[in-house]
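Structures for review follow.
Each of the next two complexes has subunit A plus one other chain: subunit B in the first, subunit C in the second.
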Partner chain A sequence: METIQLDILTISGAILLIATFGVIARRGFMDWLNAYRLQSVVLSAVTAIVGYVTGIWEIYIAAALTLVIKSLVIPKVLTYVTRSLEIEFKTETNPYLSLRASIIVSALLVAMSYFLSQQIPFKSDPVVNVYLPVSMAQFFLGLFALVNRRTALSQVVGLLIIENGLFLFTLVLTHGVSLIIEIGIFADILVGIVISSILLFRMSRTFDSLDVDKLENLRDD
Partner chain B sequence: MPSSPEIILGIIQALILMALSPLVTGIMRKTKARTQKRVGFSIFQPYYDMIKLVRKDEVVSDQSSWIFRCTPWVNFATIGTATFFIPVFLSHSPFGLVGDLILVIGLFGLARFFTMLAGLDVSSTFGGIGSSREMMTSALLEPALFLAIFVVALTYGGTNLSTLVEAASNSPLLPHPQLIFAAIAMFVIILGETGRLPFGNHATHLELTMMHEAMVLEYSGKSLALMDWSQSIKQIILFTLIANIFVPWGISSSISAVPLGLGLLAFMIKISIFAVSIAFLESSIAKWRLFRIPDLISVAIASSLIGLVLYYL
Partner chain C sequence: MDSLLSNITILSLLLTPLVGGILVTIFRKKKIIEIVTISSASLILIQVFFILSTIIHEKTITAFGNAFYIDSFGAVILLPISIVGFVSVLYSKNYMGRQYDIGLVDDKHIVRYYQGLSIFLLSMLVVPITNNLGVMWVTVEATTLVSVLLIMLYFKENAIEAAWKYLIIATVGLSFALIGTVFFYYANITAGSSEDAMNWTGMVHNSKLFDPNLVKIAFVFILVGYGTKAGLAPMHTWLPDAHSEAPTPVSALLSGVLLNCALYGIIRFHIVSSGTLGHAFSDQLLIILAVVSIGIAAASIYFQKDMKRMLAYSSVEHMGLVSLGIGFGGMFGIYGAILQIINHAIAKPLMFFASGTVSQKYETKVMSKIKGIIKVMPVTGALFLIGGFALVGMPPFNIFLSEFLVLSSGFQSGQFLVTMIVIAFLVITFAVFLRHLIKMVFGNPVVEMKQDDMGKLAVIPMAILASLVIIFGFYIPDQLQTLVHNASNIINGGSII
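Up next is the complex of A and B:
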C-alpha cells in the first residue's frame, strides 16, 4: 500500500512535468491551451491526492475548484477572447531562444529545481519530497516561457503556469491554506485573465501585433 | 555457461525476429491503408515482394565500387547479428554473455555507416542527399539514444539486455517515474531510427521526403531484398526492445513449454499493438520540415535528462 501510494505520487508528478513541457515544446496557442488544460486536470488530481494523504476535506473543494476553473473556465475564456485575433498573433514564431535550445534549457531548469529543493532542509514527508521540486520546476518553466517569448498571448500562458506552480507549492508546504484564501486566489486569476485579455485585444487593435517589443515603438498620432 | 536448450531457444528467438519482421512492416502498411480508407495490400505483401526481388536480376552502376556491392551483405550480417542479443519471449538471451545493448547500437551504427557510404558511392545526387540527411539525424539521434539507455541501465543495473529485461519483468506494475521519461525519449528515437513519419516517409520516393529510401535508391534485385529485409529487422528489434524493457508483461523467465508459449503470444500481441499504434500516429501527423527535426530530438534529449535527474533524486 505504502509503495503504491508513493508510486502514484511520483508518477502524477512526472505527468505534471510532461504537461508543463507541452507548453514549452509547442508553438501554437491552441497547443499551449491544451497542455495547460491537461496540466490543470493533473493538478486537481494531485490536489485530491494531497487531500487524501492529509485527510483535510477542504482540499477536496480546492481540487474541484481547480478542475472547474482552471481546466474549463479559463481555457474557455481565453479561446473566447482570442477567437477574433489573427492566426499569426497566436503562434510564437520568433522566440528569443530557439525552440530546441529552450527545451534543453528547461530540462536544465528542472534539474536545477530538483537540486534546489534538496538544499532546503525539510522533514522527510513524501508529499513534500515529490511535489516540491515539481512545483518549483513549474514556476521556473513558467518564468522562462514568460521571458523567452515575444507575443503577449504566450506570456499570459507563462503567467498561468507560474500560478499553477505557486498553487502546488503552497498546497504541498502548508497542506492547503484556508478555503477563503483559495477562493480569493481563484477569483483573482479569473479577473486577471479577463483584464489581460482585454489588454491583448486592445494591443492587437492598436499595434496590429501582439509582439511586446513593438510596445516600445514611438507613435506620432 | 548456458545449457544447450537455452542456446537452441536463443537461436529460435533470433530466427523468429528475422522471420516476423516483414510481417510487422506489412501490418503497419495495412493499418495505414485502412486509416486512409484504402483497402491496402495483404499483410504478407512484404514477403511476396522479397521473393519476387530475389528472383530478379540486378543492375549495378558501372561507377560503383565494391562498397556498393558489399553493403547489403554487411547490413544484413550486422543487423542479423544484433537479433541474437535481443530477448524476445525468454527473458534471458544466452548470447548475452558476449554482447549487450551498447553492442547492438554499435552494430546498427556500422550498418548505417555502410549504407551512407553506399549512398555516396554511386555518385547519384539522390544518394548524396539521403546520406547527408541520415548523417545529420543520426549524429543527433545517437546521443539521445544513449542518454535514454543510461536512464534504463541505471534503473535496472547494467546494460546487459538479459539483466535489463529480467529486472524489468520482476519490477512492480507501475514503472519508476524516470522510466516514463526514458520511454518517451525512446519512442521519439525509434520513430527517427526507423525513419517513420515526422522524420521521413517510407511510402514515397519524392525528393523532399526521402531519407533511407534515397540511399538505397540504386539497389535492385537481391540486394534490394536484403536491404529491405535488414531495415525491417532493425525495426522489429527496436520495437521488441521498447516493448520488453518498458512493458515486460508476459515474458517467460523459465524454459518450459507453457510459459514460453504464453511469452510468444504476449510478444506477438505487444508488437502488433505497437505497430498498429505507430501506424495510426503516422496517419495523423505530417512530415516535419528537415530543420525542425532537431526540435523533436531535443525533446527526446530533454526527456532523458529529466529521467536522469529523477533517478538521482
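Up next is the complex of A and C:
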C-alpha cells in the first residue's frame, strides 16, 4: 500500500470523526443536519475508496446510494417534516450532560473504540486498521447522543449516526456483503426515517413538546 | 422435491401476502379488503401445511440456489406464523369493525391497517425460510418498522409513546445484531469460506474453523441484539408498552409470533457458536438472560394493574422459558423449548383476543374495573379462563407439558439451583396471574350490562385456539412430534439435517 493511499484513508477517517463531533458539540437541529450531510458525503467517498482498493464494482453502487439517500434524501425529508415545528423543538437546550462534558465523554469513547478494535483479533489490513476504530467510534458516539439528548429530534440524529457507523463497519469487514442486503439496509433506514418523522410530527401535535421525558404515561408503578 | 417445484412453493408463499397487500391498496372498500385479507391468510395457512408435510418427508427444502433454506426448525417457526396470522386476520374483521363503528378509526385507517397486516405477515414469513443471515436481519428490522406503523394507527398519546420507544429501542438493539452478524461473517471468511459466506448452512459447515474469541464477541452482540427484539430482560422495556397499545390482533401477532422470529435468530447463531466453542458458552448466557426475564416478569405481573400489560409480561416470562430450555440443552430441554414456542404461540393470542373483546365491552383495560366476565360474556369468559389456565402452566393444558419438559431437563443437566429459582418465580406468577384472572372472570359486574359475546367472528378465532390448547395438552399429532424431534436434533447435534 502506498503512503498516499494510506494518507487518503487516514484523512477521510479523521473528517468522518470531526463530522460526528459536529453533532455532539452543537445545539441546533440544522447544525446537526449539516454535520450529518458532511459525514455522509465523506462516507460515500470512503465507500468509493474501499471499492477502488478492493476492486469490487458493487461497492460503487453502495457509494452512489449513500450519496443520494443519505446526503440528499434524508436531510430533505427531515427538513421538510420539521419545517413547521417551532424553533424550541429543534434546539437541544438541556441535555443531561453539558456540551463541554459531552465532548470529554466523546473523546473518551473514541479512545475506547481504538482500544477495543485492537483487542479483537482482526487480520491486519490498512482499510480495516484505519476505518474500523472510526466506525466503532461513530457507533458509540451515536449511542451517546441518543441517551444524552432530551428532544426526540436529536434521538433521530443519534440513530442516523449509529447507522452510518454500522454501514462503515459492515463495509470494512465484509467489503460489501452483497448488493441485495445493502439495498435492504438502505430501504430499512429510509422507511425508518419516514416513520420516525411522522411520529415526530404527531408527537409535537399531541404532546405539544418533543421532550422524551414527557413520554411517561406508560409505566408500571 | 425438485428445484422448480420448491422455487414455485417459496415464491407463491411470499407472493400471497404481497398480492393481498396490493389488492387491499387497489380496492379500498372495507368489505372487500376484509375478504381479500382473510383469503390470503387462509392461502398462507394451506401453503405452510403443504411445506410442513414436505419437510416431514424430505427434511429440507432449498430454493433459488441456496437463497432459501427451510429445515424442520424453520418449519416449526412457520407453523405459528401461519396459524396466528390466520386467526388474527379473522379476529380483525370483528375487532376493527367495532372500532370503525364507534368512530375510533375511519376508512383510511382500515386500509392502512390491512396493508400493514399483509406486509407484517410477509416480513415474518421471510425470517424462518431465508438461508442468508443478512437478509434475516433486514427482514427482522422490517418487522419492527411495519409493526411500529400498526401500533401508531390510533392517534392517541399512549400509542405514540409506545411506538416511539419501540422504534428507538428495537432499532438500536437490532444494530447490535447486525454487528454480531458481520462478526460471524468475518469469522467465516477468515476461516477460508468464500462463496455464500453469509449463508447459515455454510456457517454451520465451517463453524469448527472459526476463531473462538471472535465468535464469543459475536454471539454476545447477537444475544443483545435479537434478545432486545425477543423481549428478553433486561432489554424488554419496550415490550409491555408496544404490546399493550397495539390493536389487539396486532398484539397477538407481536406476542405470539414476532418474538419467536427473534428467538429463532438467536438459536440459529447459538447452533453456529456451539460448533466453534461447544455448548457451554452460549448455554450459560442464555440461562442467565432467561432467569432474569422470568424473575422480572414475575415481579411485574405481581404489581400489574393493566390487563394487556400483564399478558405482555407473561410473554417475557415465556420467552425466558424457551431460552431456558435451549440453555439447559439435552434432548428434553430443547424438545420442550420448541414445544413451548408452539404452545405459547397458541395460548397467548387466545388471551389477547379474549382481553381485546373484554376491553371493548367494558371500555377499559384496568383489571380492577373488570368483574364478572363470565356473567356478561359466557363464552368469552370461559375461553379467557382456559387461556389463562394454559398460560400459567396448569395441567392438563398444553403449556404444562412443555414447561415440565424444560424444568425436568434442568434437573437432568444438574442445574438444581437455577431450576429451583425458576420454579419459585413460576409459582409466584402462577398464584398472582390466577388471582387477577379469577377476580376478572367471576364476581358481579360493576355496572349492569347486556349479555353479549360481541359477535360470532370474535368467538370463532378464540374457539379454534382454545381447542388447540386443549388438544395439545393431551395429544401431540405424530407429524408434529416428528417435526419437533427433528428440529431439536438440529439444535442439539448441530447436524444440518
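What we mean here is this: the second predicted complex is superposed on the first by the 215 of 221 C-alpha atoms of A that agree within 3 Å, B and C clash if a C-alpha of one lies under 4 Å from a C-alpha of the other, contacts with A are read in each partner's own complex, and residues count from 1 in each chain.
The criterion applied here is as follows: contacts are C-beta pairs under 8 Å (C-beta built on N, C-alpha and C of every residue); 3 or more make two chains touch, one makes a residue touch a chain.
Nothing here was measured: the structure is a model prediction, and the numbers come from that model.
Annotation for the three-chain superposition on subunit A: subunit B and subunit C fit side by side. Touched residues of subunit A, counted separately for subunit B and subunit C, are more numerous for C. Touch criterion met: A:13 reaches subunit B, while subunit C stays clear of it.
Contact with neither subunit B nor subunit C is seen for A:72 once the two complexes are overlaid on the shared chain. In the superposition on chain A, A:184 makes contact with subunit C only, while subunit B stays out of contact range. By the document's definition of touching, neither partner reaches A:64: not subunit B, not subunit C.
When the two structures are aligned on the shared chain, A:99 is found in touch with subunit B, with no touch to subunit C. Applying the stated contact rule after C-alpha superposition, one finds that A:169 touches subunit C and leaves subunit B untouched. Here the smallest spacing between CA atoms of subunit B and those of subunit C, following superposition, is 21 Å. In the superposition on chain A, no residue of subunit A contacts both subunit B and subunit C.
Subunit C contributes residues 132, 134-135, 137-139, 141-142, 145, 148-149, 152, 155-158, 160-165, 167-168, 171-172, 175, 178-179, 182-183, 185-186, 189-190, 198, 211, 213-214, 217, 240-241, 244-245, 300, 303-304, 309 to its touches with subunit A in the complex. The part of subunit B that touches subunit A in the complex is made up of residues 172, 174, 176-177, 180-181, 184, 294-295, 297-299, 301-303, 305-306, 309-310, 313.
Within the complex formed with subunit B, the residues of subunit A that make contact are 3-4, 7-8, 10-11, 13-15, 17-18, 21, 25, 99-101, 103-104, 106-108, 110-111, 114, 118, 133. Interface residues of subunit A facing subunit C in the complex, by the touch rule stated above, are 120-123, 139, 143, 146, 152, 155, 159, 162-163, 166, 169-170, 173-174, 177-178, 180-181, 184-185, 187-188, 191-192, 195-196, 198-199, 202-203, 206-207, 212, 215, 217-218, 220-221.
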